[in-house]
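Okay, so chain A shows up in both of these, paired with chain B first and chain C after.
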Partner chain A sequence: MKRVYVNEQWCLGCHLCEYYCAFANSGVNDMVKALKDKDIYPNIQIEEDKDVSFAVSCRHCRDPLCVKSCISGSLSISDGVIKVDQDKCVGCYTCILACPYGAILPSPRGVVQKCELCVDNIGGTPNCVKGCPNAAIVFEER
Partner chain B sequence: MKYVIIGNSTAAIGCVEGIRKVDREGKILIISAELHHTYSRPLISYLLMGKTDEQRMKYRPDAFYEENGCETMFGKSVTKISPDKKTVTLDDGSEIAYDKLMVASGSRPFVPPVEGLEKVKNRTSFMTLDDAHSLKAMTGPKTDVMILGAGLIGLKCAECLIGKVKSITVVDMADRILPSILTPEAAAVVQRHLEKYGVKFILSDSAAEFTKDSAKLASGKTVEFDVLVTAVGVRPNTGLVSDAGGKVGKGIYTNEKCETTLKDVYSGGDCTEYYDSALGDVRILAILPNAYMQGLTAGINMAGGEAAFEHAIPMNAIGFYGLHIITAGVYEGESYVKSDGENYKALYFKDNVLKGFILIGDVARAGIYTALIREATPLDSINFDMIKERPQLMAFAKNVRRSRLGEEQ
Partner chain C sequence: MPINYIYPDYEVVRDSSRCITCRACERQCANEVHSYDLELKCMVSDSMNCVDCQRCVSLCPTRALKIEKTTNTFKENANWTQSLITDVYRQAESGGMLSTSMGNPNPLPVYWDRMLINASQVTNPSIDPLREPMEIKTFLGRKPEKIRRDENGRIITEMSPQLELNVPIMFSAMSFGSISYNAHESLARAATKLGTLYNTGEGGLHQDFYKYGKNTIVQVASGRFGVHKGYLDAGAAIEIKMGQGAKPGIGGHLPGAKITAEVARTRMIPEGTDAISPAPHHDIYSIEDLRQLVLSLKEATGYKKPVFVKIAAVHNVAAIASGIARSGADVVVIDGFRGGTGSAPTRLRDFVGIPIELALASVDQRLRDEGIRNNVSLVIGGSVRSSADVVKAIALGADAVYIGTGALIALGCHLCRSCHTGKCNWGIATQRPELVKRLNPNVGYQRLVNLVTAWSHEIKEMMGGMGINSIEALRGNRLMLRGVGLTETELRVLGIKYAGEIWS
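Here is the complex of A and B:
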């Protein structure tokens, strides 16, 4: 299945992926209205050091520790995509304890949020990949 | 093939999902003393806080049993396993045959042997949905509550009563709260937080005698209450396996395939003991993620697949009124501690590996630390200064990052 993969050497550290992610998950049609003067809570995050930067988002592991660890049954796998049911989630953060990539994040709602490969919003290629100006993240089979 | 599962909680559900990864056809029968659809036990405190409800706290959807071809028998207890005949006997005397049996019998609250306990009028433990219902029925704005035990269960109970009762007094023999997961220094941070919400603590003390509505403590103090919650720990339900001649130590013994010493009998969850790879010894680690993984492992093996349950470490995520706590491993060796009043972090390392950590407040990306413990990653292979600062993949070598972020996981 297609997943988001990182080409670290191409990452400019521009953080556009974070903005495109927040936009795709905002439910608003206009990027400016969705993001201007707002704090954003993207499901993808840039790590950066002096000369290196790269994006981290859910790996959609085939045998995911987060799903096995979820105490409420809120995390599940649907056609290979790991999803969180935010209405079921109580924000215990056991998945944050379990994920080796640090890819599950606290959400401003007090529950958790994560990348769902844009399957339930824009569909097709995830918005972070579409917005990356340098192919530092790609959506492909590997 | 006929599978029988004793229990209907985490390890039992993991077992069903494990069986169905391998065998879509075999019959599965789930026998449970509780009458409820599978639900998440740790969510009972969230239920009383109104953060979930009985529908949303179901551990799996309503259609789970049907979709997985499971028959259920609720409200029945198994009283005996006969491994020679390959049957289980129920409390009504009937016998049920199995080809493969899963014992996910869980644990029961330990009732402390304190004089006068039976005289207490309003008393409950806090483990099951029925306990939550009882507690809710017993308490109101005028209720004084005493909780015996400042562990995970006792404090989650305290949290969900904040603002709903007149007073909450927690008593524990230990010198600190959450003694199983926090050091004295870390416990003090959490205690201060809970005290802000009016929870009172009496530590290094224990109940010596009860009347119907008061406790005399070993120190001579008296605590008056309307409701008593006993939360002094749990005991594994091992009797079915030991009575049948299976090996039981601290809990039911299982190998890495989650087999007991009885042929075709498997076990997992809070009734079992297992090897804690961080501690390097056998113990009971009654935590939900491990229960699921044991159940899954047992199920796969029961159905003829191959799976092993390894690298189990203690790990807990818990929070109280917005203060999150994540801990894992054991607190041995050298330590690195950073505290700014609000947030607290302690890392413990020895022999070139991370042994344990405690994070309070800022718990973001804690799983990167957990993985270092679980995988015993040599600390000289990563940038330890970066890892001390915060959990980050940047601390790993370039080729490791390439593999983690550039390959299918």
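Here is the complex of A and C:
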């Protein structure tokens, strides 16, 4: 299965992936309308310190600890993609504790949010991959 | 300073109705033009430091940015132009030479644009390169004068060393130091994939790139940086650089700030020291001296590699090329006055040297007149901008061309002419690691491959249109060119007819 991978060597720390992610998940078809004067809550986040930076998003593990830890059954695996049903999530954040990558995040609604590889919004290549200016984020089989 | 004489040439224009304050512009500008104002909660820009490299414009996800030429205007004067006045202000302040980079931007005639290419109609059929073979493979090196036979009458097939190029386009010399590691890797990998050559420039060959040696021309310049036996053996050919089109008659100066540990090791000089290439080779004061170096390099490499000699196109270029053709060199390289550079004094770049089109035509003619054209191959560079320029160059007599600026543009360069500042936002002309990483060679090499592949399709189409199916039949075929807007003298030097004149 194709997953999102990050080549730290080529990450510029421009943070554009975060904005492309927020845009893809906004449900709005114009980036300005979607993001202007709004706080964004992307599912991919840049970690950086001095000259090192890299993007972190869900690894879509084959044996995911988050799904095992979910007490409400809101996290599930669908065709290899780990999805969250925000209507079922009770906001206990056990998955956030369990995820070794810090890839699950609390959303402004209180429930958790996570990368779903853009399968239910734009489809195809995830928007962070499309938007990365240096091919540091790739979508490929490994 | 209380009086600010200099107003920025270019201004950042931000459409705040489109700006989403993602701050990518701020993070990507090494000149620190953009910043986020915490109180106003918006992006602000200081155009004073903007070099118009277009990095922010290219990355802005909502197209909220553009750079405009300033409308701030000094009183109009056709003699004292605004840029000349500003240059005086700069020099009155600094007391130094004006520095710049990349090629001559002045509106001097571009002869490529005044030559038009022929095509077949009715009396000779054009050829469709998608259906019929079309040969653009090119061999560089000394060609035999005549067929020679041994005592048994068998043909002697031994030739001087030849380079085989799949396309008549090579990447010109750009040193590691003037451009980044990633730029070099992109060029080396692209040359390998395309079956052509790139050129190390005068900065030596990084140890990681020895594996691309079959597609590398190693350069020996006046500073002799990074030259040793292993280096000479690594390349497919050796180029002696006598001059460069952007700054004929002077050497080079790579500031210590660009001499990082890697550059220092490759150049074999101490880290952080200025790398100064002398204006002349101190061991070459005549063609005879040049011959000694050519032969020394051949001796050192077992006579297996062609030796190029590169000179800038200057007034006496034809006579100098004639000398080089007799020096034992295999390839003469002529670099025109529009050629790029990582740094040059502005006045030299803009006013020294001559156009490559005229230099090429006169060199080719001179070598033919003297019966020594086959002694050498002829390669030209110095602003070959498109496949049409390549076709015209070959029709004027070139065997192959070098592209440097065009290749860098493919890698993202926007010709902001600020290479000498070392803050290239595109990761090309810089050694700062955070900027170098902006050029991902996996992307860069593919863009170079795409460019040259696209040009070779176009070259084949133009050749097919002329009814020519082999690049050999185009070489020096000046009847395939016609001039427009040229004087009698220009036509005579170019050796072409005026548009509308017929064959005979």
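The rule we apply is simple: the second predicted complex is superposed on the first by the 142 of 142 C-alpha atoms of A that agree within 3 Å, B and C clash if a C-alpha of one lies under 4 Å from a C-alpha of the other, contacts with A are read in each partner's own complex, and residues count from 1 in each chain.
Here is the rule we go by: a contact is a pair of C-beta atoms (placed from the backbone, for glycine too) under 8 Å apart; a residue touches a chain by one contact, two chains touch by 3 or more.
The structure presented is a predicted model; accordingly, all values stated were derived computationally and were not measured.
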Just chain B (first), just chain C (second), both, or neither: which does A:K114 touch? neither
First (chain B), second (chain C), both or neither: which does A:D51 touch? second
After lining up the shared chain so the two structures overlap, which partner does A:L35 touch, if you call chain B first and chain C second: first, second, both or neither? second
By residue count, which of the two partners contacts chain A more extensively, chain B or chain C? B
Now for A:A135: first (chain B), second (chain C), both, or neither, which partner does it touch? second
Classify the contacts of A:K83 with the two partner chains as first (chain B alone), second (chain C alone), both, or neither. neither
Return first, second, both or neither, reflecting whether A:L16 touches chain B, chain C, both chains, or no partner chain. second
Determine where on chain A the residues touched by chain B overlap those touched by chain C, and list them. none
For the complex, which residues does chain A have touching chain C? 9-10, 12-16, 18-20, 23, 31-32, 35-36, 51, 131, 133-136
Contact set on chain A toward chain B in their complex: 3, 5-8, 47-49, 52, 54, 56, 59-62, 65, 68-69, 71-73, 87-88, 90-102, 104-106, 142
The answer for chain C against chain A in the complex is residues 17-20, 22-24, 27-28, 58-59, 61-62, 64, 433-434, 437-438, 440, 442-443
Within their complex, state which residues of chain B touch chain A. 14, 40, 42-43, 46, 51-52, 56-61, 288-289, 292-293, 296, 315-319, 324, 326, 328, 363-368, 370-371, 386, 391-394, 398, 401-402, 404-409
